[in-house]
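Each chain carries a letter (A, B, C, D, E and F) given by its place in the written order, and its residues are counted from 1.
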């Protein structure tokens, strides 16, 4: 599928600044793969933005912590659907599948997202007052 | 806190139609509590909408299935934050806490939501093309 | 219910500029009521914004045209729920009721909105390709 | 136009489970056409989700009720634009046109959606307090 | 890149109504270019919508006023990213670049948008009460 | 105005962990004020989230860089309106006013936001294809 160019170019490995190259090394080390996907290659145009974003992703998503890594990917996908980010839906669905997410779990994930989307709009549209018990 | 009236009234138990009363019985049985929160009391104005919505919530959220009940609540909260439904954030945070969600897990849930919100906008704003590997 | 002050003040009739006062006269004439609601009183701080917005509302919503006025209010409410504007939900629900919208129709309006919200997220989340027949 | 594959496959008629095939029969009967569009072919991967979603669409959108079928399609389109679902905009615009929606009505639909989108943001951005008359 | 047809056709210059042609003349005069981009060619199907939208764009975006033209384009892009309008992101990024926006400024624009997106969700998700000092 | 409690408590200065207290010291130093607003007092429940968010806000918003600080506040407000974050609209409008934003500029900011919101929906709703010149 042909896709239009992004707003800032997708940088190849030999087009990286020194700071960006260092981040790419850390991405490869952390993920144990040579593959660096396009979001990082676009963010690499601004080393500050690249370093800050990667640091945050690394700290938040790469290891089990209070929540396990698969649960965190499901939360990430849920937000991405609600905010309608095609890139993020696809890249994090790939990540979740690599962590073992089955098609049956994936279907249920979207069932919950769809239900939440619906009841959100009912509660908002009908202006339901919050129960004292929830305040 | 005083809140304005909803678009359709919050019905008390003695204002319910027969069909709505039957749904409320099922809510109380399923959840093993006498408490029926406001969203159901507003939806009760339309028995079709009440029956259909409760049936869906009951089938989707009340038991472990492909995903466990707590994970499903976290997904639900993530969508509710991204769609900005205060009622839903508060009612489902209460539900998740009743299932054992700790404050530390809750803070991490919102850390992931915040990160997703940010990287969603970076991917969308910079129009990052989807990697062939994700298609 | 106490509400916080808006970002720009709610202007009383005796605080209006000449241009704003002329718009208020037209609102009162067009709607055949003395009541001018708060959105106009806030927009009145900027006569350009007030004139342009009122002109657009007057041309679009006040008379039957390709679509009848009630249908247009329902469309307006649907957008307001999906974008989560409490002010707009309440003011346009009032307008729709003044045009004869019944509680049963209102419940169905929200049933359709809720269904659309859900299937929107399913189509987006599962990245359903558009059928050739729809292109 | 080439489109990427969805997250779960588009199932052909001979790939359906028995439950999914029964839903497809009902879709064809209800709509009086042999054509079953892609959203159903993707949802068919999960018979629960397919049955529940089709049941809801059938009950809500296929017959005149409190609101007529065309008005319900317009409401559906309005939500889909506000939530940015390309699939839904295209499939329900096709449905509305099949019900007789003219290009002139379609242009007015989008005029109302655009106006609502704008005044929603003005009311939210300026934090306009809700008039007592609307509470 | 092949793109699907829009909901209403992209009109060529020789398909315009007299009113639409007059708007196109004004677009060309105001922008000092022969190029008229697709949004106007689609809106041209409804001369009312075309005239009103162009009048608003012309009054709001084409000259320095309280805010300078480049700042207004940055605000416009920020909204378009948050609302996920690909067409608008690309057309107004082109407009901003024509006004001198550098790649470094563009990267910072998206850094601010991403940060706002994140802290918006944190404030909403954690239901942070508004400080008295801000009311 | 009474507001409900947040999801995690608003911490007073004497309830802070050592790490949170250090961040508060830096907020006070950087902003040259004793006032620390509620978002930080809620984030303080999770020192990781507090440190990371403050570091990002400090690096992005507190000094002129590629864009000046007022422009960055306007971009931040635009996103907050489009994403409907009341807390953020109010706190960053206060910040922008402290930087000199006038009421006339504020009105124009919202005029641009409202226009973008409208034309976003027109471009999305009518599915306008992106011009080759913008790709």
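The rule is simple: a contact is a pair of C-beta atoms (placed from the backbone, for glycine too) under 8 Å apart; a residue touches a chain by one contact, two chains touch by 3 or more.
What you are looking at is a predicted structure, and each value in this text was computed from that prediction instead of being measured.
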Interchain contact steps from subunit A to subunit C (minimum; 1 if touching): 1
Would you mind naming the chains that touch subunit B and likewise touch subunit E? A, C, D, F
Chain whose mean Cα position lies farthest from subunit C: A
Determine how many degrees of rotation, between 0 and 180 and to the nearest 5, align the Cα atoms of subunit B with the equivalent atoms in subunit C. 120
Measuring centre to centre, with centres taken as mean CA positions, what chain is farthest from subunit F? D
If you average the Cα atoms of subunit B and of subunit D to get two centres, how far apart are those centres in Å? 22
Of all residues in subunit F, which are in touch with two or more distinct other chains? 1-5, 7-8, 48-49, 53, 56, 79, 81-86, 89-90, 93, 104, 107-108, 110-111, 113-115, 117-122, 124-127, 130, 135
If each chain is a node and each touching pair an edge, is that a line, ring, star, complete or other? complete
Which subunit A residues qualify as touching subunit F in the complex? 4-5, 48, 52, 56, 59, 130, 135
What residues of subunit E sit close enough to touch subunit B in their complex? 77, 81-82, 84, 86, 89-90, 110, 113-115, 117-122, 124-127
Please output the residues of subunit E touching subunit D within their complex, sorted ascending. 2-4, 7-8, 45-46, 48-49, 53, 79, 83-85
Within the complex, subunit B is touched by subunit C residues 1-2, 84, 89-90, 93, 103-104, 106-108, 110-111, 114, 121
Contact set on subunit C toward subunit D in their complex: 1, 3-8, 10, 35, 37-39, 42-43, 49, 53, 56-57, 60-61, 65-67, 71-72, 74-76, 78-88, 90-91, 93-94, 102, 104-105, 107-109, 111-113, 115-131, 133-135
